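Per-chain residue numbering starts at 1, and chain names A, B, C, D, E and F are given in the order in which the chains are listed.
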C-alpha cells in the first residue's frame, strides 16, 4: 500500500515536473499543492485535511511566475512531496509551508540539472534531423529528455514517501540550514534571468521606454499585473498607431 | 397660503425638471436642494433652517452627473419637494436625505416617462418641418413637450405640498420599500447608459486606449475628474500631434 | 585667534556664495551646513559637536534646489555663519536651524543685490569685447563681479563672528520678526521665477503636455523626482520617436 | 468666384442679430423636448430656424429642407456644445450662397463633434465647474448665509452664458474661415482626435466612479463568510460597473435603441434587486 | 504564377488534420526537452514534423532541411505562442508550393514574435488567468470543497486548450492571407511594436515585483542602527531587483549563455548569502 | 572644398589643450558674474576666449566679434550644460575655417539647447545626485564621522568634473561630426524634443513640490472654522504654486525682465505676508 502511494506521488512529481503533456502539466504544476491536497487526501482517507493542507501551501505560491524558464522554486517537489510529508506527519496545515518551501528550493537543483544536461539530446537530435530521421528526433524529445528528471525527481520522491519522515529528515539533515538559505536567495535571484532573457528576445529598442513606465507604475504606485496589462493594451495600441507608416492611413 | 406655496413648489419642480430655459434650468437643477432650501426658508419664514436643510441634502448629490441624458436620480423632485417635506415635518436637516432620496428615485420614473413619450411630438414636428411650418415645429418643441412632465411632476408635487406629510406617506406607502431599493439600483445602473451613448458617439476607434487609461487612473489610483481632465488635455494634445499628417509640419 | 576664525568663516561665506570656481562652489554651497560643521568643529576643537550641528541644519536644506538662479534661501550664510553662531552659543544642534534659517532668508537680499547690480560690469564687458580687449572682459567677470558680494557677504559674516552673539542679535534685532516672515514667503515664491525662466527657455510648444503630466504625477500621486526622471526618459524617447520625421525610418 | 458681380448681388450674410437669436434658441430650448429617439434633435432644429428665415426669406421649400435636415439625432453637452450650431450656421450660410456644401458634410460635422465635445464638456461643466461652485455654495449655506444658493445659481449661469455664447460665435468664425478646411476633413479630424482622446480619458474615469453598482452577495461555508464584492475588488476595482458599461455599450452597438436599453435596465434592475444579486 | 497549370497540379495544401496534429505536438511536447541551449527549440521542431511529412511525403532531403531549420533556439509562452507555429505552418506550405519564402524570413518571424508574445502571454496566463483561477480554487478548497482543485485544473486546461487552438488556427489563417504582407515586414513590424510595448510594460512591472532580492545589511555607529535596505528604498523601491536584472541582461547581451548566467547566479547567490550581503 | 590646397594650409584646428582651457574657464568661472540681465552670458564668453585666441591669433577684429557674439543672455545647468560650449567650439572652428556657419546658427543652438538641458540637468544633478550624496554624508556626520562632509564634497566634485568634462568633449565631437546635420536642423530638433519632454515632465513635478506657497487664511462663521488652504487642496493639490508659477511665466512671456519680476515678487511677498494672505 505504502509502495503504491510512493509510486503515485513519485510519478506525479516527475511527470508534472517535466514529462506529461505541457498543457496538463501547466495546470498541475502551477497548482501542484492544491492538486496534491486532493490526491493525498483521497489516498490517506482524510479529504478535508488534505484540502486544507493543499490550499494552505498553495497560498504561498499563488504569485509564483516561471518566466523564460526560470524557476524561483520547484512547485512539483514542493507540492506533491511537500504536502504528502506534511500530512504523513499529521502536522497542522500551516506547518506545511515550512516543509514544502525548503523542498521547493532543493528542487531548483533538480530543474537546473535537467536544463543543463538536456543539450546532450538536442545535439543527437541535430544529427537525426540532418539524416531526415524524424523518429529519432521525436525519440530524443520525448524519451531521452526524461532520463535526468527521472533520477532527480522520481527517485528521491519515491524514497521519501516510502521511508517517510526519517528519510526526509536525513535528506534535509544532510543539507544544512545554510544551504536552504542559499537556495532561497538563488530562488529570489533566478527570475532575473528569465526576465532578462525575455527582454533580450524583445529586441526592439523602440519599446524600452515602456519597460521604464511599467517599472515605475509597479514599484512606486503599486499597480498590479491586471492594471499593467490594461495600460499595456492601451499604450500598445497607441504605440502601434503612432509608429505605423503614414502611407497606410489612420485608423 | 398653503395653496400658493404648493403652486410655487410644484411649478419649480416641473419647470426646473423640464420646461424652463436650459441654461437657467441647469443651475436650478444641479443645485436643486440648495436653491429649494433658500426658497422654502423664505416661504416658511425660517431662512437659516431652510439653508441648513438645503445644504445638507445637496451634499448627497454633489457628485451627481447626468450624462447622455441618463439620470441616476431626479434632482428636481428630490430637491424642491424633498426639502419642503423635510421642513414641513420640522425634521432635523440630516433627516432630509432620507426623505429626498426615495423621491429622487421615484423621479427616475417621471423623467423616463417623458423621454419615452416625447417622440410623439418629434414625429409631428417631422411633418410640420416637411411642410415648412416652422411655427408648428416650435410649438411641438416648446409646448407639446410639456404635457407629460406636467402630469408627472407638477401634479404630485402640488398634491404633496397641499395635503402634506400624510399624503406623501400614503404615496410612499403605496410604494413598498422594495420598490425604492429597486429604483435605487436602477439609479445606480442608469449612468451606464449615458456613458455608453457617449462612447458610442465618439466613434473614433483610435481614442479607445484613452478610455482604458482613464479607467485605470480613476479605479486604481483614485485620480479625480480634475486630474483626469488635466491629463486628458495633455494626452489629447500629444495624440493630435502624433497622429496629425506629416505634411502639415510640426507645431 | 578670534580674528583668524572670523576671517576664515567670512572668506568661506563669500567665496562659496559667489567667487570660487563654480564646480567646487557647488558642492561647498549645496552642502554648506555640512561642510561648515566640519570646519567649525575643527576650529573650535569639538569635531563631534560640529558634525552634529552641521548635519542637523543640513537636513532642513536637503531638498533645496536653485533653478534658473532663483534661491529660496541663501545656503552660504545659513551654513557657514549659521552653524558657527550655533556652536559659539553652545546651543543644542536642533537649535541650529532656528538660527540658520533666518540668516538664509536674509541672504536672499545679498544674493539679489548681486544679481541686480552685476549688469554694470556686463555693460563694461560689452565695451571691452567690442575693442577686442579680452583681458578687460576677464577682469570684469572675475574681479569686478566680486565687489558687491564682498560687501554683502564678507563684511557682515566677519563682524558677526568677531563680535559674536550680541552683534548677531543686534543685527537680527534690527530686522523684526515680520521681515523674516516676509523673506520666508519671498523665499518660497522665488523658485517660481526660476522655474518659469526654465519653462520660458524651453520654448517648444509641443512639449507643454509633459509639464501637465509631471505636475499631476507629483501633485496627486506624490511621485518623487527620481521617478519623474525615469518616466521623463521613457516619455522623452517615445516623444522623439513619434515626432521624428518619417523619412529617417524607425529605430 | 468666376462671376463675382452676380454673386455679390445675391449674397446673404448672417448678421449678429440672427446669430444671437439662433444661439438663444439653442441655449434656452435645446433640451426642452428631450427624448430617447432623437435626444436634442428637435432643439437643434429649433436653433436653426432663425438662420433659415434669414437665409431663405422667400423660399419655403428650402426652409422645409433645412428644418428636416436638422431634426435628426443629436446630443451633446450644452455649453461647450454651442460650438457646433455655430459652425453649422456658417456652413448653412455658405450653402445658401451657392457653395458646394453637401447635406452629408453638415451632418458629418455634427456627428463627429457631438461625442468628443460632450465628453470634454461634461467633464468640465459637471465634473469640475459645477462641483467647485457647489462646494462654495454649500459651505456658505451651511453657515446660514443666503448668498450660498444665489452665488451658485448666478455663478453657474454666468459660466454657461459666457462659455456658450463665446463658443457659438467662435464656432461661427471657425466655420466661416475654415469652411474649406472643414470640408476637406482636416480640422474635424484634428478636433475629434484631440477632444476625443481627452473625452475618452474622462469617460473611463466616470465609468470607474459614477456607476454605483455592487453586489451584496456573500457565501458562508462553515463559519467563514466571504463577501463576493471583496473577491471582485481583489480582481479589479470597479469591475461590475465596467462590465455593466460594456454590456450596455454592446447593446447600443448592436443597434438596440436607448429606449429599449433603458427598459432593459429597468427590468434587469428589478430582477437583480429582488434576487439580491446587485445593489 | 506564370505557369498556373503545372502549379495547380502539384500544389499541396495542409489539411485540418495535419494542422491539428502539429498543434497537438506543440501543445503536448513543446517544452518536454527544455534546456538552456535551445530552450523549446526541439519542441518546435517536433510540432513541425507532421507538416513536413505532409508537404514532402517523398522528399527526405527536404524534410531533413526543414527539421534542421526548426531545431534552433526558440522560447515563448505556450498558450498565446501557438500563434507562431500556426503562422510558420502557413509559410512552410507556401515555401513547399514554390513561393519565394527564404529560410531567413521564417526564422525572422519566429525571432520577432517570440519575445513580445511571451511578454504578453506570461502576463495574461500566469499573471492574471492563473491567479484568478487559483484564488477561487483555494477559496473552495479552504472550505473543504473538493471541487476547488478540480475546478482549477479543468478551468486552466480549458483556457489553455481553447486559447492555444484558436491561436494556432488564427496564426495559420493570418499566415495564409498575409504571407505577402508578412514578408514585406509590415505585419511583423506592427505586431512586435504593439505587443512589444505591452509586453515591456508588464515586464517592467514583473521586475519590480517578482525578483525578491533584498539586503539584510545594517550598520550601527554609536547607538543608532541603520538598515541599508531602508536607505535603498528611500532612493528607489525595488532598486536591488532592478540592478540585478540589468546586470543579468548585460551579461546576456554580451553573449554569455543562459546556462553560464545560471551558474553565475548560483555562485553569486552562494557567496552573497554566506557573506550576509543579500537575502 | 573646391580649393583644398590653400584650405589645408590655413586650416586651424583646436587642440586638446585649448579645448581643456575653454572647458576649465567655463567650469570655474561660468557663473561668477551671475546677474539678472544676461545670467551666465559673460561666463560663456569667458569660456570662448581661449578658442578665439587660438582660431584668430592675429585678428583682433574677429576676436572682438566673437566675444561680442557670446556675451548674450545664456543660462543652463552647469554640468550637463558643458555639452553646449563643446558644440559651439566645434562650430566656431568650422566658421574660422571658412565654413558657412552663420552667427544665427550658433546662437540658435545655444538657445534651443540651454532650456531642455537645464531641465534635465537640474533634475539629475540637484534632484538626484546631490540628494543621494547628501543623504549618505549626513548619515555619516550624524554618527560623528568626519568623512561625511568630505565624502560629500569629493563625491559631488568628482561627479561634476567627470560629467562636465565628458560632456564638453562629447559636445565638441558631436559638433565636428554633425555640424552639417545640426545646421540643417534635424539633430537640434530631435535633441530638444526628447530632452524637452523629459525636462518639462520634471519641471511640472518641481512646480508641484518646490514652490512652498500656501495661505494661512481661514474664516469662521459661527463656531465652525474653515481653512481656506483645505478648500483649495480639495480643488487641487499645489494650486497656489501652480497659479503663482503661471503668473510669473505670463509676466516673462510679456517680456518683463527677470529683474523686474524679482522686484515684483519682493513687493508681492511683502504685501501678502503683511496682509496675512500668503505664507
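The working rule: contacts are C-beta pairs under 8 Å (C-beta built on N, C-alpha and C of every residue); 3 or more make two chains touch, one makes a residue touch a chain.
Everything numeric here is computed off the predicted structure, so don't read it as measured data.
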| item | value |
| --- | --- |
| Path length in the contact graph (chain C to chain F, fewest steps) | 1 |
| Set of chains adjacent to chain A and to chain D | B, E |
| Chain pair, B-D or D-E, that carries the greater number of C-beta contacts | B-D |
| Chain E-chain F separation of Cα centroids, rounded to whole Å | 46 |
| Where chain C and chain E are represented by their mean Cα positions, the distance between them in whole Å | 54 |
| Distance from the mean Cα position of chain E to that of chain A, given in whole angstrom | 15 |
| Residues of chain E touching at least two other chains | 135, 142, 144-145, 235-236 |
| For chain A, residues that touch 2 or more chains besides their own | 204, 206, 208-213, 215-216, 220-221, 223, 226-227, 231, 233, 235, 237, 239, 242-243, 245-246, 250 |
| Residues of chain B touching chain D in the complex | 18-19, 21-28, 30-31, 34-35, 37-38, 41, 47-48, 51-52, 54-56, 58-59, 62-63, 65-69, 72, 112, 114-119, 121-122, 125-126, 129-132, 134, 137-138, 140-142, 144-146, 178, 181-193, 195-204, 206-220, 223, 225-226, 228-229, 231-233, 235-237, 239-240, 243-245, 248 |
| In the complex with chain A, residue positions of chain C that touch it | 221, 223, 227, 230-231, 233-235, 237-238, 241-242, 246, 250-251 |
| Interfacial residue positions of chain F with respect to chain D in the complex | 221-222, 224, 226, 231, 234-235 |
| Partner chain D, residues of chain E touching it in the complex | 132, 135, 139, 142-145 |
| Touching residues (chain side chain F, partner chain C) in the complex | 27-39, 41-43, 45-46, 49, 52-53, 60-61, 63-64, 67-68, 71, 75, 78, 111, 114-116, 118-120, 122-124, 126-128, 130-131, 134-135, 137-138, 141-142, 144-146, 148-150, 152-153, 156-157, 160-161, 164, 186, 190, 192-213, 236-238, 241-242, 244-245, 247-249, 251-253, 258-259, 261-262, 265-266, 268-270, 272-274, 278-279 |
